[in-house]
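Presented sequentially are two complexes of subunit A, the first with subunit B as partner and the second with subunit C.
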Partner chain A sequence: MGGHESNGMPQIGSMNKKGQIITDPSELFFLSPRTQAFLTGSEVIKEAVKRASVDFSVAYPITPQSEASSLVGELYADGYVGDYMRGESEFAVMGQCAGGAFGGARVFTTTAGPGTLRAFENFPMWAGSRLPIEVVFTVRGVNSPLSIQPDTLEIAFMLETGMLLWHAEDAQDLFDFILKGYIVAEQPEVHLPIGVICDGFFVTHTKDMVLMTPENRVIPHYNPYASPVTCMDMESPPVRMMRDPFVMKSNYISYMTHASWQLEVRAAIERSRKHTIQLLDGLIEVENPDAEIMLISSGTAVSQSREAVRLFRDQGVKVGLVKIKTIRPFPAQEVREALKNAKHIFVPEFNVAGWMAKEIKSVIDRSERVVAGPHVAGGMTMPPEVIVEEIERSLALRGKKELIHG
Partner chain B sequence: MSGLGGQGVVTSAHIMAMAASKEDKFAISNPFFGAEKRMAPAESYVRIGPEKIYDRGELVYPDVVMIFHPQVITMGKSYTMPFYSGIKKNGIVIINDDIELLTDAEKEDLASMNVLVYYVPATKMALDIAGTELSTNMAMIGSVAGLTNVIGMEALDLALQDRFGKKYIASGGTATLDEAIKKKFAKKEMLLQKNLDTIKVAFDQATDYAKSKNYIPEVMA
Partner chain C sequence: MNPYSVLRGPEGFLPPAAALAGNILPETGQGHIEGQIVSEEEAIEEAARKFVSAKVPTIFPGPLVLWGWNEKAIRTAEAVERLSVAGGINIIPMPDYRPKYPKIDPEAEINPNHPNLTIWHNKIDVCMFVGVHCHYANLSLKIIRGGTACFTMAFCAHAGHEDANLTVRDILPEKIDRVTEIVKKLKLNSKKF
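Right, the complex of A and B next:
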């Protein structure tokens, strides 16, 4: 994040208009004292945004993110967020976010479920335009009949948008990911939108303990002059291509340009790894790596798996666990390494499709080791007892040489 | 905690969890509800324990089931059938009413699991002590705390302050406190006190009950 001095950016160590000290990110995350608070996930979003030097936020209500977007409005009223407005639909919200980011602002918004899908066209547009917007997805059901309850199917739709996708397990992850997300997403060699995902209700409406950085310290402001693409210049890419799109010139050069730009966006996701590894202490977390039975997933499914590992431990059975923190970039190498000794791999998921199991199967060898389950969907809870039962049932069938894919 | 929209079921779970965390226990609480409306079924869950709790979402195997409204039982306004589905052996059912609501089959079923059924007229208590049925949830919290000792009165008092008092204390503490805020603050103080009184009466009643029956709750074992 260089170049602050030459462009009149607020300097590290100086104060913003609310008297908060602009602090070096590493110092803020790793050295500053943290205080304990017992908050709902929605309140955690507010606390993180308060420390994130956000210039612009757009809100539109949808359960389970309505509290969060309204709390960001309170931050605006108190002067902690530069500007704030309510959009007329999620599609409009994401378009307005793009406008703010094109203009050089740090942008924050939240949505969920049907809101995410309604806004969908904007996400690959953000990525292609290299807009480092942060959106918190408090994921919920997207199906009909209508459901407002937690479900992670929505994430499957997001996988190839070109956005960074981080999946918070709990309130603590949510707090840290919101702040650290900006630092990674705004790196000049990354410069992509980021979706910080948390499970609706399981995280948003749950009161949980969180360790917070000091209230009077903020991360440095976004520096639009460090952007790899010029902001809102009609004569240079990528806006130049929007004004005079290649689609008007249907020829091989136009296809090549699109293909190479899409590859570049994906390469930028990969380039986020080194920054992310440093800030999140790795893209995955592993417990009991030498166990023959491994559980692997992201979000609340990890929390439920931790309890299942405990239940197995009480029975004298060692079960391992892999927590995936970043879904994009997908930690392929790390997952391969963590699962290399596993004989049975279970992927608990809160959706009907089992998309995480497919992701895992696609990067490991001997993928028949993977059981895509247990699954719950539509707002169902996944008690640890159910995970234990499912594993025991599958292992009994495997003992009879029956292949189980879940 | 199973009740109807508007009864403060969600708030109760949050207050219980906050109180537990004041006592340096580990706690996690969350609600589950459909599109919000009064009198529709609403549930919330609180898990309290001596080590970090990861488990979240609907509590499928509870130690204690609290019924905030008779309609949960009589009209089936419950997320599960029967309303105590999944309750653990030696568990507790607390029902807000002073008349018998269970069928003989239900009573037999619960007795076979050695579940204690405790009736408390929580809404009547709330009307008598706080002057509003909105304090029903306070009487329910007092009852579970008194029966199980899972949290004490002091922690509940602190949690109440946290939940209802903070915002007003924050602005009320300034030197430029004006009359309007003073009035509001006084009202808030009164509300806090009345809620606390309601908890206390229910707490003492449940404690006395447990003593008189020599009841030792298994859930605390």
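Right, the complex of A and C next:
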């Protein structure tokens, strides 16, 4: 609630050192002409970061994000990223990102799978410190035996870190989410770290058509003067908060302070809704909302579900689809509304745990309508035919002999 | 209409964050009173009325107003001082955010980690936060609402605060002067009775 001014901040309409024009986000996203390109997801990450006025990026190799982080290094070499370094491990990377953000920099990094879990302690620390760092998780298997293949299990670990979590379905989402993510995450009343998630290999290593904003336009720089917490300087180094933390005191009010702090982080996630709805055109997308059979998921499971909907359509069966764009904030009200008429709800997922099905069951009534599946894991693909078979098998078990035609 | 009424406390063991209860922040040109969205002018008028009717009205200026780090901070501090003088309102600063152990001096300062101590000690029944970083203001507002009967008002340079009993957003020195102007009028009128 402080009286910040943007003294010295580069203004909209001015040029950065690479000659890119600093552009109002709404104009950049919704009015600027877009050009089509055929790129891998890793290349898309590079193109988005090129337009994101990033001050600092830290890299550490782990499949399947290594190419993307190395391409960000090329951006640094070309002068598009302020500073760039390699960390000693993922844990170190996330700590170094925190240092940059504490100092008022816009920070970008990427990681995946075991790297995410190795770095894990830092994510709730980022959220509690209100650091709007952006990290792209190119999700993959995390458990032994080792797998580098696509798997969304790691998202389950991230759910209660206090971060915003957006799940890209494809390369277009990835491009837009990286840029729009900064705009939402850096709002003074939000000011939280954001994880932009894409499914490893399925998105990072495949080529897709992407409509990109002009190369010579960038989003405005991060304004650290609008932060809800103090920036790090010699007057308020973070160590002074860490050295005398209230959590080290054993009394009722210190516990309550910590509880209130946690509530404030979750409140900040809630405040992101209105900005996100505006920029992403809603937290969900719905196809065939009046269908009795609905598929609902996030990431590339949505793409596979879209194909399953098409296969059913070819058979004359109407099946609906809900695409969830943001996992945090979770679109509880939107999901309730979208599923209110559904009799059978299927949740295809690329993980063994079925965490998305649990999320959905927790926010709707008559949760017995939900079938947690089909599931694949460990890098398996999920052909649309598998989704169709799962629906047909489940409905047969439920005693629904014929699917609804027409 | 926001679903949750943000009323004067004490609200209990751990009051919820109003945003988690479904309350949304006011848009530009608006404020809120006890969680309900009103026009900015209405919120400013109510802030003045609260100050005038209080037994121990107090302003808690934070670092962004206390330190003259830019021209706006200086002008805001001057406006806060004018309000304090016009309304007979105490000023107790929140100079930084570190917990003050083993014991805070509640007559000298307020701290976001245990703001209730300052409220209780000074028997403050109406307060205004201004120039406090948003995160720490929200922390304080929740704890005050939980354990005290103080009516909290947050004058914010950004989007406002759901956890205050009253908020005005996008503040400028002129908006604080508007509170002062109404306080003066109310005090003048009350003398006629």
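Side notes on the structure shown:
Going forward, the second predicted complex is superposed on the first by the 385 of 406 C-alpha atoms of A that agree within 3 Å, B and C clash if a C-alpha of one lies under 4 Å from a C-alpha of the other, contacts with A are read in each partner's own complex, and residues count from 1 in each chain.
In this text, a contact is a pair of C-beta atoms (placed from the backbone, for glycine too) under 8 Å apart; a residue touches a chain by one contact, two chains touch by 3 or more.
Predicted model only: the values in this text are computed from it and were never measured.
Contact with subunit C, but none with subunit B, is seen for A:E189 once the two complexes are overlaid on the shared chain.
Touch criterion met: A:S260 reaches subunit C, while subunit B stays clear of it.
Of the two partners, subunit B and subunit C, it is C that touches more residues of subunit A.
Shared-chain residue A:Q149: touches subunit B; no touch with subunit C.
Using the contact criterion defined above for the overlaid structures, shared-chain residue A:T206 touches subunit B, although it does not reach subunit C. When the two complexes are overlaid on their common chain A, residue A:A77 makes contact with neither subunit B nor subunit C. In the superposition on chain A, A:T230 makes contact with subunit C only, not with subunit B. Remark: subunit C residues 14, 16-20, 24-25, 62-65, 70-73, 76, 96-99, 101, 112-114, 116-117, 129-139, 142-143, 146, 154-163, 171 touch subunit A in the complex. In the complex of the two chains, the subunit B residues touching subunit A come out as 13-14, 17-18, 21, 26-32, 34-35, 54-58, 60-61.
Considering their complex, residues 38, 40, 63, 148-150, 170, 201-202, 205-209, 300, 303-304, 306-307, 379-385 of subunit A touch subunit B.
Note for the complex: subunit A touches subunit C at residues 1-5, 7, 130, 187-189, 191, 226-230, 236, 240-241, 244-246, 249, 253-254, 256-257, 259-261, 263-264, 266-268, 270-271, 274.
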